[in-house]
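Working notes, structure below.
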Amino acid sequence: MNRIKSLFRARVLRHQVLTPSCRLVVFDRPAGFPAASPGHFVSVRVSDSSVPLLRRPFSILDLTAGELILLVKIVGRGSALLAGANPGDGLEIGGPFGGTVFEPPARGKAVFVAGGTGLAPAVFAARTWNKGGLVEEIHLVHGASTRDELLTGFCEKDFSHVHQATLDGSAGFGGDAVSLLEKLVNDGVVPLDALFSCGPRGMIRALVERVGSRFAEHHASLEAVMACGVGACRGCTVPVRENGETLLRAVCSDGTVFPAGDIAWEEWED
Amino acid sequence: MNKKKNAIRIGAVEFRNPVFLASGPAGYGLEYAGLIDLPSLGAVVTKTVSYSPRRGNPGRRLRETVSGLLNSVGLENVGAEEYFAEKLPPLYDAGVKPVVSLAAEDWEDYRKLLELTARQENVDVVELNLSCPNVERGGMAVGVDPDLVRRYVRLAKDILRGAAVLAKLTPNVQDIGLLALAAEEAGADGITAINTVLGMDIDTDSGKPVFHRIRAGLSGPAIMPVALEAVWRIRRRVEIPVIGVGGISSPLDAEKFFLAGATAIQIGTAIFYAPGLPGEILSALEERGIPAPINLPD
Amino acid sequence: MNKKKNAIRIGAVEFRNPVFLASGPAGYGLEYAGLIDLPSLGAVVTKTVSYSPRRGNPGRRLRETVSGLLNSVGLENVGAEEYFAEKLPPLYDAGVKPVVSLAAEDWEDYRKLLELTARQENVDVVELNLSCPNVERGGMAVGVDPDLVRRYVRLAKDILRGAAVLAKLTPNVQDIGLLALAAEEAGADGITAINTVLGMDIDTDSGKPVFHRIRAGLSGPAIMPVALEAVWRIRRRVEIPVIGVGGISSPLDAEKFFLAGATAIQIGTAIFYAPGLPGEILSALEERGIPAPINLPD
Amino acid sequence: MNRIKSLFRARVLRHQVLTPSCRLVVFDRPAGFPAASPGHFVSVRVSDSSVPLLRRPFSILDLTAGELILLVKIVGRGSALLAGANPGDGLEIGGPFGGTVFEPPARGKAVFVAGGTGLAPAVFAARTWNKGGLVEEIHLVHGASTRDELLTGFCEKDFSHVHQATLDGSAGFGGDAVSLLEKLVNDGVVPLDALFSCGPRGMIRALVERVGSRFAEHHASLEAVMACGVGACRGCTVPVRENGETLLRAVCSDGTVFPAGDIAWEEWED
């Protein structure tokens, strides 16, 4: 029996406000918290009541000897409670969870496309791979609605190139991250070896349909509503094509990373 | 510490204590090994299996409600054959006591499922899921009809000679006590109550029902008073053990079910947000023993 | 602002908007005058009255559950005579639109109650409470039987010539749609769903059931998904208006009931902790109009 | 129609910790908050979620031009949330509620027996009546389990005499408040004109049965679980004898103050 302990109490050390809706929440790494890889996530009990009921999944943005860092965007009650936890507060955290992770690119060149908080696994990948000397060129394409929502100022140094897009054109490329990537590909600015994406489903689908095929490989980290986080409840399934069949795969334990081209978008209702 | 102090018996089967995990939330069991000390539990009821593998429902499967959870997993499972070959043996190896949950689908598949189960060594207790609201055939359609409940339980008792048979009932009826009585008459060794309560949700963004099948099953703290009433009612209608499940989310909740007359309890939804709960309940029982049931008529 | 924009019609009665207070929590209405702007509401359904005064249940009457409330008030009321003489007229004077809620007790009392009601001027809409779980006679015992529902509704339509008759149903049945259909067949002008869900609680300090009558009715946010399912189901079974009630606790909840096909909604338990809610829902409707129902089969 | 507004948003100004489990919570008196009398209470929404669901009733300990003061004992989640509200937090408050109140004693002499937080209406009565010159002698008999739980240090000056009891004898009289009052009566220490009591049901019942009859009158402020607070829901009823009948009266609107001798204890299940 797998006896790796995966339930911890983690103390909030500090916050770093990044944008009006996003912040980094830095935890003391709990004793015994296992090593993790980019694409792994934790699930956080954000309330001691049953409102909200479920723990909330958040990708690991960094895991150092002493710290566990999450990037939290406030979208509802749960994320607001997490973002509002005070330094010193202890929260129950499960993890690291996830079956598949972002593997370093075979030829050392990677392009990340991150929508919103999809940035977290991208940063974790960049830091991990840079540290391991596993990557030589690593691009980040990051989109936000407006300049204020661009997540900057804490991770530029982790990437060799950062390409930004805002929907309203208030900073960087005017448009969405997918269109920006299209342009970068067309302009020959980014290497076409390996594409890694994380963010809203619509963004990933558009990537697959519009530019994914230009890359030798495309790996996407997906999100779904989760209950258990460990593959037990079968609540977080997505349709994935494997050997000519469409199977329902659990994002939490069969993912979070899937070959983007295999996702059966047309069967993925939500 | 007297290890046997809190042991209980259902039919001929002894369980080390009366704290079980409910069928479904914990999957086949070992998925939760890092979060819950499974061998310390009375039993883990594994997710319901059917004779053939089931894909489960498309679309969204989970939706939080206020202090509740709607699910429409739809009995996704690997099928009984793979279950008995791959999923069940590791539980025994890990020292976990499993209760095998079986889906009553149509009569022929059901018979084949029972026969396959009867051929397994080690399976000494099964729970018949007569109450899943998330499937087209079988499930709740059986669990609302006393005659069908009787037939399904009887067939299980006939084929699974010697094994204890629990009938898991749905609250989506006028009087769950009647269904429990039917199960008892047919020879059930225990009643598990309750499965999820029928509910639904609508997504105001899309303006559509959240779930593909529209309806889903409500679980979690929100339904606790409904489950407690069901256990109280059933206890006063049948002699066989009643296993209480539905919204248990604290040691006090567990205590209430024992007071209502439950022989054992199951924890479902709460493990999603409080995997430590089964352990807390065990500690409370260790300290104070199993509360004696209230001796009051209905 | 078009004052009539959100007006609705049930039977021959027009309501200025579809946001009502549910029967019971708001008492006879004016008790809440300092907390809720009552004349701004579509209607206030007053607490259920019976032909004779009722003392209600002894012992504890309220118990919080997780996101829910159990009550066992037991239809305490001043009796129809005093109600019509003392309680109803001030509502009219205050510009509040009342819906009169009547308790179906035994047949003879019920007839007398209807005859007394028919003699009142101004009573153009009544809600028949066929569904109270907290009383021995009448109440839920009527509401679970299609034949009785039909008889009770028909008598009301016969005696209350011209008044709109709403049948308020209980969710404690296998298929509330059948009961709604029975009410429609008998001439009901609308269906109100749902009354409280049967539940119970046990006090672990005393080791006894909390309530004298053991069972009580569960309301509040916990039951919202159950109420929504009921409204969805009834809407697809009958043509007459459905009035949704059960756990509504935010403007988004209200929106869901309209999407499910409700013509109006009622707010009960939420006024205890959020008396501002009816006003918030009205503002949302004022801004965005009443959401159009989802056009999907069952 | 009664159009007196009774729903307010009140801002916490400060706290005063009295004992390990009790504190004063001082609110800015909201604009338009009506005058109140001893025995009146407010009901406070302690959470913005539905856990706990109901607002919580608290007696008014004082209402000045600028402040509304409550005495809060932490007994569960709701009271803990209220006690934990930070200065600056705004809470929704309904009130002042209550139909009957403590009326000043006809002959200017009063004895209050307060169990636990039953002290709140006693203090409010003392302050109100002292201010109005309505009372010349006012005794407080206050009991707690132990010295640490005695509520002292903020209200001694409001009473002409303070008599304390602790169950464990760690301060004052060793025993409960009822036994202390018995002794005070027997010793002729307190005037026998008017007894006012507030606290747990058991204490009031014991008062009635053991010493109440020695006083010319005895008024008790009762507690019951409440939902509406305004007499609408009929959830907070207690059996009270009136004209030979036992009626179910609402604590919130027919009370909170009842003639103690009229309470039908034998019919009051809980």
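When the chains are written out, they are named A, B, C and D in that same order, and each has its own residue count from 1.
Quick note on the criterion: a contact is a pair of C-beta atoms (placed from the backbone, for glycine too) under 8 Å apart; a residue touches a chain by one contact, two chains touch by 3 or more.
These numbers come from a predicted model, not from an experiment.
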Between C-D and B-D, the pair with more C-beta contacts: C-D
Taking each chain's C-alpha mean as its centre, the one farthest from subunit B: D
Between subunit C and subunit A, distance of the C-alpha-averaged centres to the nearest whole Å: 48
Separation of subunit C from subunit D, taking each centre as the mean of its C-alpha atoms, in whole Å: 35
Where subunit D touches two or more other chains, by residue: 50-51
Numbers and ranges of subunit C residues touching at least 2 other chains: 65-68, 221-222, 249
Overall pattern in which the protein chains touch one another (line/ring/star/complete/other): complete
Residues of subunit D that touch subunit B when the two form their complex: 50-51
Interfacial residue positions of subunit B with respect to subunit C in the complex: 65-68, 70, 144, 172-174, 197-202, 204, 207-209, 214-216, 218, 221-226, 228-229, 232, 247, 249, 252, 255-256, 259-260, 291, 294, 296, 298
Subunit D-facing residues of subunit C, complex: 24-28, 30-35, 38, 47, 55-56, 58-69, 71, 73, 76, 90, 93-96, 212, 220-222, 249, 269, 271-276
Parts of subunit C lying in touch with subunit A, wherever the complex brings them together: 66-67
Residues of subunit D defined as touching subunit A within the complex: 47, 49-51, 77
